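Here the chain labels run A, B, C and D in written order, and each chain numbers its own residues starting at 1.
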């Protein structure tokens, strides 16, 4: 029975006993067991990543009215494996004039920056890689390494398109980090902790999506931009700069970029679930008690938001660069900061009141901010329409 | 355990390397890189003194954060000066910026 | 687990090693027959003219600049957000919130300045 | 020698070697990338000093923003000539002398410190992160530097944008 409550703990204790039984010192045994756990966790993530290739291809096919992979295995389930074999046995070319070391380091860092995120993902109440007290900032830090890898790739390829991709990366993707971090500040304000486990526990009564629906929406939008997925995929832009920063990559190095992108999308989906939708506590009950149910809940939420991100990706066309920048700096960033200020003041005023009053006040404040934003947008649009529809002077003959 | 002196010597060495970079480099951007090294040396000192001093006083950490802000401001203004100069005079070599010498 | 950062260190190490493995594996078994055409820079089949480094818009730079300032700002806001929830507050929560709001407003003034000067336009 | 000392020596080696490369390599992009290695080493030191918040902030601010700005500025101002010619000016021996002198001077001061240098850190209280937050907002402590920092950032932003502005 105890095994089903927390299998990891049981396995951990068993391994510890075995290792110390062999005469290893306690500290060394802990390090070895941790190492095994880390390898298992990362391997699990990579296996998930491989299946995401299939999910991605199947879902995009359905969006476009096709069947998608359907030959290898049931429903084409084993399709990713031939894909990987093909990538591995493909010749790997390095363009002339490339900066070899940086060129090879970039894809590794790109995938590694996504793997790093799994260290703090709380899969269940007892299964967290590590519960850092600065978990939220750790997310941002891992994202910074990802940004760096893309700039390294773009610069070292010695290619004009790749360089353009890197420039766009800096101007666009990096800009969206600001609303994302501000959206991360909102759960911090609400729960008073930066630990992801603490944030999940703080949602045992009310999810933060109820307290701050706008915050969740902001985070979703900024996360899509941060992922560099359509409609914000300007740093790739297949039709204008022929896939941008990874234009010169082939074989497994390209594969790493691709794998990193898919896993990144899924991981961010899981983090949205953790930060705004109660983490392991839902949709199945007993997530609190049974570790495996908790893992299922977190992964199910991750898959759902992954699907939402895909839905947006295959529905909305790419945004023009000036629109994208204006959208961030003239709309998203000010809105995020206003929302943060409103959240902080409502939190400070109502934190000692009855929980239902607090929830109501938070929700109404969000509705108010959303309504005012919509009104401002509407009056702007009206002004623009008047300007366009104004009678133009006709040339006199 | 690590004694405090290790941190202080390390930060002294980092500071000296940064100082060499500032004084010896030709390129203005490289000079700013040297300044970053020096600021980091300062930060190591601040945090080390916080850790080994009175832990109830958060001064070390607070001022390390302020140093982050100072470093960011310095980079923002410094690099935009460099780029502005580059656009006008087409050089980033500090020695060639001698318009005010005479 | 005594120190969580030990775990993070191990995780970072393994996290970097695991992506290296498929690249090494691929380098072992993939064919290697380089030739000048294959290794030339890809520009949709057209021959490359000049260097890869070309003049580009300095406008990209302004956005990076504004980003830098705001990125540092968020660092100050995280401890503030935690202090807002202090168990035994040194200061009244409302006062803490006001402090943070002043901080944010000062920086939003910078954004407004950039906006008014037309530096956020992509011309 | 315990584990923390080994980690300290390794990260010190990383910091010093990459810092030396920052000030000596000719290719400035490589210098910026070595700077990132140095900064990462400093982040490890912060972890050893049990200032986890600062370690993460080091990565977010320095690697995620400042180093990227540097790489960006190098890409913007790159002239191919510059990668090949020596990157030091003619009085680099003087610079070497001055910095060696500075090192000796600081080492001398450190040796002459009044308090014991071999002091061992006291155990850290559990809620040091909360303490940092409280220190930043309490009027008795550092609320003024907190607000002044935002004014500093505002001035930097306005100044930098003004300088970068194209006056045509």
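Operating definition for what follows: a contact is a pair of C-beta atoms (placed from the backbone, for glycine too) under 8 Å apart; a residue touches a chain by one contact, two chains touch by 3 or more.
This one's a predicted model, so the numbers in the text were calculated from it and none came from an experiment.
Visitor: Per-chain Cα mean versus the mean over all protein Cα atoms: which chain has them closest together?
Guide: Answer for the innermost chain: C.
Visitor: Taking mean CA positions as centres, which chain lies farthest from chain B?
Guide: Looking at centroid distances, A is the chain farthest away.
Visitor: Report which of C-D and A-C is connected by more C-beta pairs in contact.
Guide: Result: the pair with more contacts is A-C.
Visitor: Measuring centre to centre with CA averages, how many angstrom lie between chain C and chain D?
Guide: Roughly 17 Å, centre to centre.
Visitor: Could you please state the distance in Å, as a whole number, between where the Cα atoms of chain A are centred and where those of chain C are centred?
Guide: Averaging C-alpha atoms per chain gives centres 14 Å apart.
Visitor: Centroid from C-alpha atoms only, then distance chain B to chain C, rounded to Å. What do you get?
Guide: About 20 Å, centre to centre.
Visitor: Based only on mean CA positions, could you tell me how far chain A sits from chain D in angstrom?
Guide: So the centroids are 29 Å from each other.
Visitor: What parts of chain D, by residue number, touch at least two of the other chains?
Guide: 52-53, 57, 60-61, 64-66, 68-69, 72-73, 75-76, 129, 132, 134, 136, 149, 153, 156-157, 160-161, 164, 166, in rising order.
Visitor: Do you know which chain B residues sit against two or more other chains?
Guide: Residues 65, 68-69, 72-73, 75-76, 79-80, 83, 87.
Visitor: Indicate the residues of chain C shared as contacts by at least two other chains.
Guide: Answer for chain C, listing residues that touch two or more other chains: 8, 53, 56, 58, 60-61, 64-69, 71-72, 75-76, 78-79, 81-82, 86, 96, 100, 104, 111.
Visitor: Touching pairs of chains, which are they?
Guide: Those chain pairs satisfying the definition are A-C, A-D, B-C, B-D, C-D.
Visitor: Quick check on the complex: what are the chain C residues that touch chain A?
Guide: Where chain C meets chain A, its residues are 1-2, 4, 6-8, 10-12, 14-16, 18-20, 22-23, 25-27, 29-34, 36, 38-44, 52-54, 56-57, 59-60, 63-64, 66-67, 70-71, 74, 77-78, 81-82, 84-86, 92-94, 96-98, 100-101, 104-105, 108, 111, 115, 120-122.
Visitor: Give the list of chain D residues in touch with chain B in this complex.
Guide: 2, 4-5, 8, 12, 15-16, 19-20, 22-23, 28, 31-32, 35, 38-39, 42, 45-46, 48-51, 53-54, 57-58, 61-62, 65-66, 69-70, 73-74, 76-77, 79, 82, 87-89, 91-92, 94-96, 98-100, 102-103, 106-107, 110, 117-122, 124-125, 128, 131-132, 134-136, 141-142, 145, 149, 152-153, 155-157, 159-161, 163-164, 166
Visitor: For chain A, which residues are in contact with chain C within the complex?
Guide: Answer in residue numbers: 30-31, 34-35, 38-39, 42-43, 46, 87-97, 104, 107-109, 111-112, 115-116, 119, 129-132, 134, 136-138, 157-164, 167-168, 170-172, 174-175, 177-178, 181-182, 185, 188-189, 191-194, 242, 247-248, 251-253, 255-256, 321-322, 325-326, 329-330, 333-334, 337, 340-341, 344-345, 347-349, 351.
Visitor: In their shared complex, at which residues does chain B touch chain D?
Guide: Touching chain D from chain B are residues 1-10, 12-21, 23-27, 29-30, 32-34, 36-37, 40, 43-44, 47-48, 50-52, 55-56, 58-59, 61-66, 68-77, 79-84, 86-87, 91-95.
Visitor: Touching chain C in the complex: which residues of chain D?
Guide: 7, 44, 47, 52-53, 55, 57, 60-61, 64-66, 68-69, 72-73, 75-76, 78, 80, 129-130, 132-134, 136-140, 143, 146-147, 149-151, 153-154, 156-158, 160-162, 164-166
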